[in-house]
Amino acid sequence: MGALTLSNVTKAFGKTDVIKGVDLSVEDGEFCVFVGPSGCGKSTLLRMIAGLEDVTSGDVAIDGARINDLPPAKREIAMVFQSYALYPHLTVRDNMGLALKQAGVAKADIASAADKAAAMLALEPLMERRPSELSGGQRQRVAIGRAIVRTPKLFLFDEPLSNLDAALRVATRIEIARLHRELGATMIYVTHDQVEAMTLADKIVVLRAGRVEQVGRPMDLYNDPDNTFVAGFIGSPQMNFLKADRLGLNFDTLGIRPEHLSISAESGQIEGRVSHLEKLGGETLTYIRTEDHGLLTVRQFGEHDHPVDDTVWLTPDQSRAFRFDAEGQRLR
Amino acid sequence: MGALTLSNVTKAFGKTDVIKGVDLSVEDGEFCVFVGPSGCGKSTLLRMIAGLEDVTSGDVAIDGARINDLPPAKREIAMVFQSYALYPHLTVRDNMGLALKQAGVAKADIASAADKAAAMLALEPLMERRPSELSGGQRQRVAIGRAIVRTPKLFLFDEPLSNLDAALRVATRIEIARLHRELGATMIYVTHDQVEAMTLADKIVVLRAGRVEQVGRPMDLYNDPDNTFVAGFIGSPQMNFLKADRLGLNFDTLGIRPEHLSISAESGQIEGRVSHLEKLGGETLTYIRTEDHGLLTVRQFGEHDHPVDDTVWLTPDQSRAFRFDAEGQRLR
Amino acid sequence: MMSARHSTGRSIAAHGILILYTLIALFPVFVIVINSFKSRRAIFADPLALPSAETFDMIGYQTVLKQGDFFQYFLNSMTVTVGSLFFVLLFGAMAAFALSEYRFRGNSLMGLYLALGIMIPIRLGTVAILQMMVASGLVNTLTALILVYTAQGLPLAVFILSEFMRSVSADLKDAGRIDGLSEYRIFFRLVLPLVRPAMATVAVFTMIPIWNDLWFPLILAPSEETKTITLGSQVFIGQFVTNWNAVLAALGLAIVPVLVLYLIFSRQLIRGITAGAVK
Amino acid sequence: MAQRQPFRWHIAVFLAPAVLVYTAIMIVPLIGTLNLSLFNLEDGNRIFVGLGNFATLFGDPRWSEAFWNALGNNAWFFLVHMLVQNPIGVALAALLSSPRLRGAAFYRTAIFIPTILSFVIVGFVWKLILSPIWGIAPGMLDAVGLKSLFAPWLGKEEYALTTLALISVWQFVGIPMMLIYAALLSIPDEVIEAAEMDGVTGWSQFWKIKLPLILPSIGIISILTFVGNFNAFDLIYVSQGALAGPNFSTDILGTFLYRTFFGFQLQLGDPHMGATIATAMFGIILVGVCLYLFAIQTRLRRYQF
Amino acid sequence: EDVTLTIESWRNDDLSIWQDTIIPAFEAANPGIRINFAPTAPAEYNAVLNSKLDAGSAGDLITCRPFDASLELYNKGQLADLTDLAAMANFSDVAKSAWQTDDGSATFCVPMASVIHGFMYNKTAFEELGLEPPKTVDEFYAVLDKIKEDGSYIPMAMGTADQWEAATMGYQNIGPTYWKGEEGRKALIEGTQKLTDEGWVEPLRQLARWQEYLGDGFEAQTYPDSQNLFTLGRAAIYPTGSWEIGVFGPQIEGAFEMGAFPPPVAAEGDTCYISDHTDIAMGMNAKTAHPEEVRTFLDWVGSAEFATLYANALPGFFAMNSTPVEMENPVAQEFVSWRESCEPTIRSTYQILSRGTPNLENETWNAGANVITGAETPEDAAARLQEGLASWYEPQQ
């Protein structure tokens, strides 16, 4: 109950093709994350699954049943919007209860469902407030609570954390992961924060301009990206791309993650000048401007010091590097 | 030109004291970051410096001159708002030029100042657009550009990056650091993202409920926090606080950062069960539920695997640990 | 207290101008009120004098109370105004919602069609309207008036409301759809409560002409039982003499209920705006 | 190929009540009336004359002079509203929206009260105040030594229309005030604060920041004023009568139409010419509204804050 | 089951008279018929009545405006033919002329009242200044000059704001003296006289002379202002009509005594002419559901009993019934006494001549006001009126 299949789904707004043929299957109980740059069609795909946009061609099926023409309410899905979309005139309790009330569930059952969700999300003391009296993080949790009470087959999240501050993001991220474990429901989650993608997903779908670039488990994408796009998108700070010919290698691009680039004041393969240094306490990021490869990032654990404008030498750990051809495709 | 002094500044809204006596001096050219939890008074303090809120008592001085009663426009201050607050009806160029035009600067000079700022912020191709035609990151840069052209003594930033997505945040953060180096102006920056605080600040001011908890350079706060509040607030993921008596130590709380807690499947000082695992590629965060100390976080570099629900053993690196008394004060 | 942003001088000037304009706005009202308490001779002998011991005269109010059932007229006016407002707001909001929420063929044509009505006085259609009411037996009922005012108020309501409806968050409506609300529920339970300020604005614009209208009550419902307050006051306007005491008294009293309605609506309006929509 | 959507009944249901009531009670009767403009009465029979009535209205100097006079007066009436009512409304709203103003609710209500008054007493009280005989206005001018400025404004051809327009402004200024006030309140505080920081304060803040941001509201007000003024009738009628004296100097399209359509005194109503005038008015207003909708409104963008 | 008949009227003023006096008298004599008097404000009456008649919701009894307004209703079949009503015998042809077809073959309303034009004056003031009511035009101006000189009264109460005062209470008041009443009026209809003829221009010249005797700001002075000026004792002479008698009495509240004199003549002994204008009648809605009861009521309206009730209840509205009516009001008696000494006529513009566009009556209002304010010379105004009339009225072309 909750397996989703998309078969050659496309979407055009007027004459612009936004989704250009997507095939995808999400297993029951899986946590699937859509990532991709802004405007690549993540929200559109999610809204098509929800039934909020018509499908131009192709099929959307849940548990094998085609649902293209089913209205959203009949699809047994719940969605959490980026803007929360709480009902501003209803209390937290009523926000959560509305869908059940609509479905004709008995009052007592609604109340107990809402209370359960509230307990899960630590919202108990806020049940009688209205959204305008809540902080951003609290609103987000109410939006999630509203989704939970309906015990849907499928949860859809559209960038649910993008309006939260850093601390709340981490906390809510963990909460969502816990929820997924506890409810065992299928979840589809849109984000363009790849940390969220990495930490939450069972399966990541990388989208680019309406097409799927790669699908896989987070560490598979991290360790085995198909192309420069996926390699650059997964992992933070971003992978460095070096011009392989300048290093005397016979392919186009060498991809190396910042933690696999070693830095030395004396010697190394690539010369550069320290452009900027970020000390985060537990780790240090150094940005180095090089003549051949532009700005490169080095990530070191612990505290380090590299005075700005000093000349330094970098050496890639070739064993951890990725090789790409001129089209950006991985050479294996 | 640009040294700021606050002497016993307080602020009350009606009967609620929001700022309860703040003394602070910011040197000329310094980058000062205010951090603290939501509602602690960061924005209020900033707005008092800007002249947007009246000071209830105490003095605000720039370069030694008391400016309590000077209207905002006369303070030679520029401010970047969290919501950008661009003029929606003006083009990027006019947004930047308005203050100068108002001050009666010659047209040609305005244009050249705007062009210079645009070049610095890579806004040249956008000069004739209106804010509604810009993406979030671009808007943010315009807001900064608007502040720059006025060559103020003092820049104030109120959570300028909190509306941006992760990738843009990193990029803009680096941009602001570069700007600070290039302009050499005094900057005061509010955030509750401690990564920003760590990477940008010359001096961090940690606020809590309208009072200053600690002031210092980032690594000083990281390595030498005065109390549990500062220790917990600086550094991400948050420091773990262990109950010292359970470890047979004769003080109240032991603080240990996640990277200084080692994990082993066989033996160690503290027993716990893996509750959740986050693999970020370059690092792994493991959350472990312990009986004595609640949920603890372990940060390891590289890829690691700790099956959820497995029992594991943790050992704090005592040499990197902090000792606190029952009031949360550091024992040195 | 001296402050950085708020100079006392400026606020005194603001109050000065506002008080001046308030005086201009209220002076004629003041003249109306004082004269409604004076005898006819006293009105014209010195219109600006306050009612004194010898000029004080409740004759206007007495005449009003004596001539016809003014309480009933008030009630009729209230019924008609509130009833028409209800339908204008309901039907107008529904149509505005359809126009702003759904893309369908003929959408903008329909918008223009519904706006035509603000460009031509409905009074011109009087004969046909009256014929219709005669045919349906609605003459001398308040229903006839409510129908006409509803039709008359709709164009402006649709025009203004559809502007505002566009600003209601699309995500919110989608959230409702996912929660299983039908389009009707979305409209009634989500959209309507959120456009309250706009509804209040429309209500203010709509109610005043209805309350003050003389023409349609005269034509469609002139009977004693269905007279409105404005029509009831006309009895004092004669061919050669007008009983100004009574007119002032009746129409002066008549502003009280509208003023109350206005206060209700304007509070909604301001509160709605300042509370702001929740992001 | 897009999949066919099922018929969306709810759209019809949402539109139906408004469209039905409006069509039945407003459009059908009005079309019936406007249709009369294509007919005329000859020997007691109604005959089709095509555009003949329009030829009369615009070609026969007796009709056309009255029409152009009314149109010209109407244009002036509108101009006075645009130049006086809307700026005053904007100014009052700007004052009312200044932060920390005490008594704003009182001022708002007081200034709105005239809008609520019925035309009958508005006409009466202003005639009383401006009357040269009963002495309020002359007396007040006398008190400040300006008696010489007094004239029987409502009775002089050169002043009467302007005076009435100003009375109408007095009565209706509350409406633009309300709308602009609402628009000003919805400008985000931070934009205003940014302007304060930029040194754009006081008047220049109003001109450079607030005014551009409330332009869409001003646009709506302008079109409502336009439509309202070109349909205006009551105030002139109650204060100057259907003949809109002195010497037709206050005749506007509404009074001209009323006189012609419904008749006045010995003049019998002429539904055919009346409908012709109404159609012409309708055309003028429609052109104005379309001009606004397609030429102006598209330029007055609504800003996303 | 009682039948209720509804009367449409513009006479708001008469509401209490009908309710208190007339209706009870009729209902007492005619059990089974109830009367409901439903007046409309006068300015809206025509428009409202026409709409109601067109739509079929008008009352059973229609109060008739004189001449074309009612003729039009009759022609449209909305007023019933009452030629054979017994009570019609009680009225002279002149009395009926305002509610007959042009050829006089059908009568459709029962005449109720006429009004007579003249000048009212403040007797107390006249005595105070030692003045006599003027008989000739010269005396008239002499009196006005004296009052003006004295300065304690405005010589004449009249304003141009409402326009109709100038035309109806000025022009139609003094005019018959110059155009010789019926003679001139009929000649105009036949086309043998023009409005530019001396007899028609002279009254306009007279009006122009009045300007200097009017109060300050007469341009903005409305009809009620004029009434108030006179009843408050601030103006000495008031050109008007007999309908004011009833309303002025209570307003003056005995503050001074009121008198009346007829329009002055050119020279002592000249024939005087008065406007004795047929003003109100009552007809039957052709679509009434109760024609019998309506006719019963109309027969009663045509009776001497009604005439006495009405004329006494409304002093100044004179019955047109052939049977003379006893009246108690002295000023009303004064007015009606002129019927003996002067030639009566009706207002010149009312019959036939206001059928086209431009409307002669409305134009006359405008012209009357214009010559008083000086906006137009009498000659220009007359030429304009003539041109307007000739533009559509064949006998004048």
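We call the chains A, B, C, D and E, going by the order they appear; numbering starts again at 1 in every chain.
Going forward, a residue touches a chain if its C-beta (ideal position, glycine included) is under 8 Å from a C-beta of that chain, and two chains touch if they have at least 3 such contacts.
Going by UniProt, the chains are A, B = ATP-binding cassette domain-containing protein; C = Carbohydrate ABC transporter permease; D = Sugar ABC transporter permease.
The structure presented is a predicted model; accordingly, all values stated were derived computationally and were not measured.
Asks: Go through the assembly and pull out the chains touching chain C as well as chain E.
Replies: Touches both chain C and chain E: D.
Asks: What's the fewest number of moves from chain A to chain E, given that each move must go to a chain touching the current one?
Replies: Minimum step count, chain A to chain E: 2.
Asks: Of the other chains, whose C-alpha centre is the longest way from the centre of chain A?
Replies: E
Asks: By number of C-beta pairs in contact, which chain pair leads?
Replies: C-D
Asks: I'd like to verify one number: the distance from the centre of chain C to the centre of chain D, where each centre is the average of its C-alpha atoms, in whole angstrom.
Replies: 16
Asks: Chain A to chain C: how many Å between their CA centres?
Replies: Taking the average C-alpha coordinate of chain A and of chain C, the gap between them is 53 Å.
Asks: Would you kindly tell me how far, in whole Å, the mean C-alpha position of chain D lies from that of chain A?
Replies: The answer is 55 Å.
Asks: Residues of chain D that contact two or more other chains, please.
Replies: 134, 196
Asks: Could you list which residues of chain C touch at least two other chains?
Replies: 5, 44, 126-127, 182, 214, 237, 276
Asks: Which positions in chain B are in touch with at least two other chains?
Replies: 51-52, 71-72
Asks: Quick one: in the complex, what on chain B touches chain D?
Replies: 50-52, 71-74, 77-79, 81-83, 85-90, 98-99, 102-103, 132, 146, 150
Asks: In the complex of these two chains, what residues of chain D are touching chain C?
Replies: Interface residues on chain D, with respect to chain C: 8, 10-11, 13-15, 17-19, 21-22, 24-30, 32-34, 88, 91-92, 95-96, 98-101, 103, 105-122, 124-126, 128-129, 134-136, 139, 170, 173, 175, 178-179, 182, 185-186, 196, 202, 220, 224, 227, 231, 233, 254, 257, 261, 274-275, 278, 281-282, 285-286, 289.
Asks: Inside the complex, what are the residues of chain C that reach chain D?
Replies: Going by the criterion above, the answer is residues 5-6, 10-11, 14-15, 17-18, 21-22, 24-29, 31-32, 35, 44, 46-48, 87, 90-92, 94-95, 97-99, 102, 104, 110, 114-122, 124-129, 132, 147-148, 150-152, 154-156, 158, 160, 163, 182-184, 187, 197, 201, 204-205, 208, 211-212, 214, 230, 233, 237, 244, 247-248, 251-252, 254-255, 258-259, 262-263, 266, 269-270, 273-274, 276.
Asks: Contact residues on chain B for chain A in the complex?
Replies: Residues in contact with chain A: 38, 135, 162-163, 165-167, 170, 174, 177-178, 192-195, 198-199, 218-219, 222-223, 234-237, 257-259, 276, 278-282, 285, 287, 299, 301-303.
Asks: Give every residue of chain D touching chain B within the complex, in rising order.
Replies: The touching residues are 188, 190-191, 193-201, 204, 208-209, 212-213, 215, 301, 303-305.
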